[in-house]
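Just passing along the structure, written as structure tokens.
We just call them A, B, C and D in the order they show up, numbering each chain from 1.
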Amino acid sequence: MLMLIMRHELLLVLITVILLLVELVLPAHRKQKIILPSLILFGAVMILGFLPGPAGTLFGGMYSTTPLTLLMKNLLTIGMFIVLLQSVDWLKKEENKEKISEFILLLLTTLIGMEYMLSSGDFLMFYLGLELATIPLAALAAFERFKEKSAEAGVKLIFTSALSSGILLYGISMIYGTVGTLYFDEVINGINGAPLQILAFIFFFSGMAFKISIVPFHLWTADVYEGAPINITSYLSVISKGAAVMIFTILLYTVFSKVTIMWKDVIYVTSILTMTIGNLFALRQRNLKRFLAFSSIAQAGFIFLGIIGQSQLGMTTVMYFVLVYIFSNLGAFGVVSVISNRTGKETIDDYDGLYRTNPLLSLTMMLALFSLAGIPPIAGFFGKFFLFTAAAKQGLYILVLIAVLNTIISLYYYLLVVKAMFLNRSDRPIAYFKSDGYSRLGLALCVAGMIIIGIYSPVYEFINRFTFGIY
Amino acid sequence: MFEGVPLSWFLILSTVMFFVGVYGFLVRKNLITMLMSIELILNSVCINFVAFNKILYPEHMEGMFFTIFIIAVAAAEASVAIAIIINIYRRIVNIDVEKMDEMKY
Amino acid sequence: MNILLLLIIIPILTIIGILFTRDNKKVRVVSAIGMTFQLITAAIIIIWYLAERHAGNTAEVLFASNWVWYETLNIRFYIGVDGVSVAMIGLTAMVIFAGIFASWDVDDLPREFFTFLILLSSGVFGFFISLDLFTMFLFYEIAVIPMYLLIGIWGTGPRHYSAMKLTLMLMGGSALILLGMLGLYFNSNPDGGPFTFEILKIAKAHIPLNTQLFFFPFLFVGFGVLGALFPFHTWSPDGHASAPTAVSMLHAGVLMKLGGYGCYRVAIFLLPDAAHKLAWIFLILTTISVIYGALGAIWQKDLKYINAYSSVSHCGLVLFAILMFNETAMNGAIMQMISHGIMTALFFALIGMIYGRTHTRYINEMSGLMKVMPFLAVAYVIAGLASLGLPGFSGFVAEMTIFVGAFQHADTFHRVATIIAASSIVATAVYILRVVGMMLYGKINKEEYELITDAKWYDRLSVGTLIFGITAIGLAPLWLSTMITGGIGPVIEKLFLAMN
Amino acid sequence: MFDFSYTIWILLIPFFLFILIGFWGNKFKPAVSGIVGSAGLFTSWILSIFTAYKYFFDVGRVDDVYQQIIGYNTLWLRFTDTLHIDMGVLIDPISVMMLIVVTTVSLMAHIYSTDYLKGEKGFERFYSFLSLFTFAMLGLVVATNIFQMYIFWELVGVSSYLLIGFYYTRDTAVAASKKAFIVTRFADLGFLIGILLLSYYTKTFDFLTLTSPTGPAIGTPPAATFIGLSVLTWAMILIFIGGAGKSAMFPLHIWLPDAMEGPTPVSALIHAATMVVAGVYLVARMFPIYITVPIALQVVAWVGAFSSLFAAIIACTQYDIKRVLAYSTMSQIGYMMCALGVSGMGGHEGLGYMASMFHLFTHAFFKALLFLCAGAIIHAVHSNYLYGMGGLRKYLPITHITFLIACLAISGIPPFAGFFSKDEILVAAYHHDTALFIIEYIVAGVTAFYMFRLYFGIFWGKKQDYHHTPHEAPYSMTIPLIFLALGAAFAGFIPFSHLVTSDRQLFELHTEWIIAIPSIVIAIIGIGVAYVMYLKPTDIPRRVAHSLHGFYTAAYHKFYIDEVYLFITQKIIFNHISKPIAWFDRHIVDGSMNGISYVTNQASDRIRGFQSGQLQQYALVFVSGTVILALVFIYLWT
């Protein structure tokens, strides 16, 4: 049963095929009937993913899973599930009716891509996974055919990603040139810090940095996030970024472990840039999607503090933070999407006096924002704290200082939203409405996650057990 | 037929192609042309792979496979890109990249 | 089951109770009941503590229990109290109890108001009972954040601006604290073994001097921001001026004490050598705050500004005394925290009540209120006399302990600083009497003031509690000072070792 | 050994009265508080009389030395092992003497006020404050250690503040109370610093330890010096500043005249008999230390002498009778201070000490009497001003007689009390320093002059047409007058040198007629001048005033000391310190904090150009970022 090693991908492929077939037989006017079964199926996959199973390598090392990667995949599926839940409301809209299945299928495809990317054993598999995860997303970003912004987002995404993957490939090619193999475990020994390899690494790095949207490779982020449908935005900002972070961390810790000194500095510089620039831009946003885009850029900068920890602690904290980040960011995006679906309002000013009309939504939003800002006792606090711990363990107190000062800026703009919702009064506030069950389930999951993950330490210990021996 | 051609030539060629591609991507205003520049970049990468594989590491065919996959993926990419471009064209009867700055700052 | 846990559980239960209360009017009753229990618990803890000590229990901390929280990082939920924290718990319980009654007639979103208020108090309690830096920090931030909403929603004046400024500055302080904490953590065990956040363990570790010198400023300034250390005090006037009554009470009364307590318990205690090296800088700053606050208050016209500046002065005195590194002064610092806590809470309660009746806080617009609201006026006079350090009230005890203690310092520089600081008592008298004279005495200047009614029962309850507090300490201070002295013993010991 | 621990009740009774009347006074009729208060005070008066008897005539003296007995002592607050505040009762000659003075005068004031303040709003408040004051004053006099004294020192200050501001709707009263408190507070700062210095070097607060000849202050005085003077000198001078503040010595006297805004019994009790002499008492209490630091003692002497002259001159020019009395109080206290200043230690050397205490004792009687009379007069004519009075001797016979006795007493006419005490002071001054003697001698004459200026002005002179005929005060007011008059008349015969002396050993006193005769003469001269000028309304006063008008106006305006203070407080502190600080805080400190946020926002606005929305610019940044990173790090790592 070697195939069990690949169970996540196989299951996803399976349900993708099933859904395709169902989609074929469904008559045009009953397309949205596919939502429920797909949710159920995916939920089943998510749960199956958690079942214990073997880990190992396939295809002569091109594909390899470790308990850690399995865990990562599970995290991604959870996030994906929440995203699906949140997008139901939007899918049921008139203009999307006939594209429901496309949406779901494309989304599933990207997930498959990411999972392959996560468990890739060599650069070819990695590249394929990457592209499989990127190209459908471009299509999804341009999903709303009748909106110019959406199309623009699609263009920006596809072109910049194409360029970045070109540069990434160039880097890979040079690594291949200097090492002579594409298999990670053989590349490790070949890396010795020759100038060409440095060049290669930088190219590779910028390719990845594009996915994680690290300054200065982040510029596409805001526009695409704003233009794309909200659920795609949240997917981009959480799942695909998370996946990229995870694989990138793994690669740094394994493939480039020989040249730690080199990438450490790169990370150091870029993380400072990312935090600061991201925050500075987020300060002045009025559109919430754009706002969250920049906030997620800043968060990526914080994640680098964990990566720079380069130890089991670093890996654990990164994983942990990504988990927390999934719930927090999805919580925020969930609220935004619900409101935007019902009222089409997306700017901060529209949220004036929201608490007095929709208290629960506002509270969820506040919780999510506080979690992003790192306010106890919400999970985000623990996530950030541990990231800082990881960095401080390397004695990088200056970096930590810059980071904590950045948290103040970020707190400022998160509070701006809270201010709009709680403090401001509006003569035309968003009227009270009852959001649909799916979104509420999604939001409930996020809230539960945000509250439990932090206070309930076993989660952290659980992750820590898997990251053993990664570094 | 390539016997005796030193590696450096290929590398120079690929590098030139790469930067031509980047240059084109940066200056050409027409989306289709930009797409073509992307293809240039990818092809420069392909040349790299093939050259390395053929001259330095002839024992395995990794480079070759990678090249093939790159071509395939590039095709997929191009198709999606063109689809989006068409959609854009439907919206604003124009495919000038500079027109696409509705979202900024 | 540790009795200290009650201090956190009761507020949480109260909050749950509030959330499940249908009627908005009932909310305040629920919270009042909850905080009454809290007060009782605190009293029990104090009595029990004294009994234990009397019975000869010489453990460094009592009621200690130590649970593992984050095993791999060796983060623990470690609670316990010594003489100092017990005193602080008593203070907090008293102030929050009074605060509930002082904000009895909040009608805009009362449910949320009381929820946040009690959440805040639970954070404070947690801070005082925790002996693990991590939990301490966690509770610290829990205590700070609700402030934003409390001021922003229920405040007056430029409340959005003040709330934002206050929150950001305090969080900025906590950011510095975070850095210092991490520094302590990774130096908590120079000779191998797992790192720890436990204060008592870190206190045993010998941290190299250079490390101490690097981290001490972060910790001291970080906590100092909350302790209104010049020049980081500027959040305090605006914040207090804009905050609703109960919040000002809790904030000036208790939250600002977190700063002093942190400086004492973390910065000084864990980094004694650096403290000795750098004390003079902060001594100058604190001396400035003492004088500066007092003189700044003389000019103000807004009651809350006056009180805010006097808080700057008094809290400056706390830090000033802490930096004297001797038992008496340290003792005085703690007493000053408690005394000023109750006193300023009383002030803000009264200001709130007066404002609620006259709808102005400008002393030059009020006159002759003694006639129409004798109870409040007398209470205000009492508060004023307490704050200008009159014997029989807690303020005198605290200040005298500080001055005598500080003056015992062998170094002339310190003694001169003491004399300068001591001269603030004159300025204090000036602005206090100015307020009393302008606002309460004289003839009534607006006819609508003739119709003002005196304090309601809940006002009387809240004011009475606090007045009881200051007079009880002021008339019989010995038990308190002995209790505190027991608590600060280890700190002094460590400082003494550091000194030579 | 007789157990004096009951003496604590002398203090506690007034304290509980304060609590009682303060909390529940308004529940009953006002009169109740008055009666309760007086009754309570009567008991503690009895107790102190009993104590005095016991101490002086029974157990106090052991082989010709009066013992210092700690009647009661309890730890109140502990600073260090050696420095701790105790609350206790120290029984020795001066404290017992003060017990008598305080309780007596206070009792008189209590009784007097029951009618004087009848119907006033806040009658019970008045009585609670009065009890508070009595408690504080008693605590002050029986203090066993300097810090206890400081505590009650502050308490008397505040109760005086409360009582001066009794008519709180009267702006002048409010201002006066504020002034009194702040000025004394400022002096108390000196006192506090003095205590700190003293305690730092001697490591004790305890009076007995401090004043014992072998103690840390006297036996082994600290060697440290500060700009030329030993720290001990500094400490004693600072402590004296505290005393000077309370006792209204120049230049800290400005609060005393204004303090007359308070009800007259308060002026009699606090601002004539008891609180204002606290400074004298303080110096007397610390006298053994003062004797070891002659410079400090010189300061005491000269400040006292100057104040007495200064005040006496001003007193001649005032028209508000209470103010005149206030200045005369200041002048008399100057006498006492001066007497202490010129005193030596032990036996006949300590004559000045004895005289000062003696004068304190007698002064309490006749000055309280004067004030109560003034009260009766004001009660009758509803005016404070001399030119509103005249020819009152018909209407107010008792007041007239008692006032006359008091005037004779203060002028030092034998056989009235003032003569004996003042005479001793002059003798002491004469033996110590001629200059001081001359000053005091002149003052004696001036005193006689202005007192009789008052007397003639009020009771003789031309009869005013009062809109309703003045009538003699009721018994509750006249009885205290008579009682005090007896005191003023006969207190002089008490053999003080057998009771209260510097080294607590009695010595024989022999009147030096060489001093006594001239002092009587000058007193009579003073009276004579007053008689000429004021018995009948003449224009001599105006001509005199005109002839030395510059000096006169200056004196009339109290030599512009108030204006100086006003300038310092209003202009300097208010406008040139506090206001700038407030500005600085708002604009510099706060501004810098706001500046940070402003800068951040600006920065975020500046860099918005990066996010131009232009795809190709993004690509450019992307590529250049890659290239730069590549170049930089290749450069760095190779």
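By definition in this document, contacts are C-beta pairs under 8 Å (C-beta built on N, C-alpha and C of every residue); 3 or more make two chains touch, one makes a residue touch a chain.
Note that the coordinates shown come from a computational prediction; the quantities given were computed from them, not determined experimentally.
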item	value
Joint neighbours of chain D and chain C, given as chain labels	A
Number of steps on the shortest touching-chain route linking chain B and chain C	2
Remotest chain, chain A as reference, centres from CA atoms	D
Chain ID, smallest distance between chain and overall C-alpha centroids	C
Pair of chains joined by more contacts [C-beta pairs], B-D or A-C	A-C
Chain centre separation (chain A, chain C; CA means) in Å	43
Chain B-chain D separation of Cα centroids, rounded to whole Å	98
Between chain A and chain D, centroid-to-centroid distance (C-alpha), Å	78
Chain A-chain B separation of Cα centroids, rounded to whole Å	27
Touching two or more other chains - residue numbers and ranges from chain C	168
Residues within chain A bordering two or more other chains	155-156, 159, 163, 167, 222-223, 284, 412
Sequence positions of chain D contacting 2 or more other chains	597, 608, 611, 613, 615, 619, 623
Chains touching one another, given as label pairs in label order	A-B, A-C, A-D, B-D, C-D
Chain B contact footprint on chain D (complex, rising order)	608, 611-616, 619-620, 623
Complex interface listing, chain A residues touching chain B	123-124, 127-128, 131, 135-136, 138-139, 142, 145-146, 148-149, 151-156, 158-159, 162-163, 165-167, 169-170, 172-174, 176-177, 180-182, 222-223, 226-227, 284, 290
In the complex with chain A, residue positions of chain C that touch it	69-73, 75, 134, 138-139, 141-142, 145, 148-149, 152-153, 159-160, 163-164, 167-168, 171-172, 175-176, 178-179, 182-183, 185-186, 214
Contacting residues of chain B [partner chain D, same complex]	22, 25-27, 29, 34, 97-98, 100-105
Complex contact set, residues of chain D against chain C	75-80, 83, 85, 147, 151-152, 154-155, 158, 161, 165, 168-169, 171, 174-175, 177-178, 181-182, 185-186, 189, 192-193, 196-197, 199-200, 573-574, 577-579, 581-582, 585, 589-590, 592-594, 597
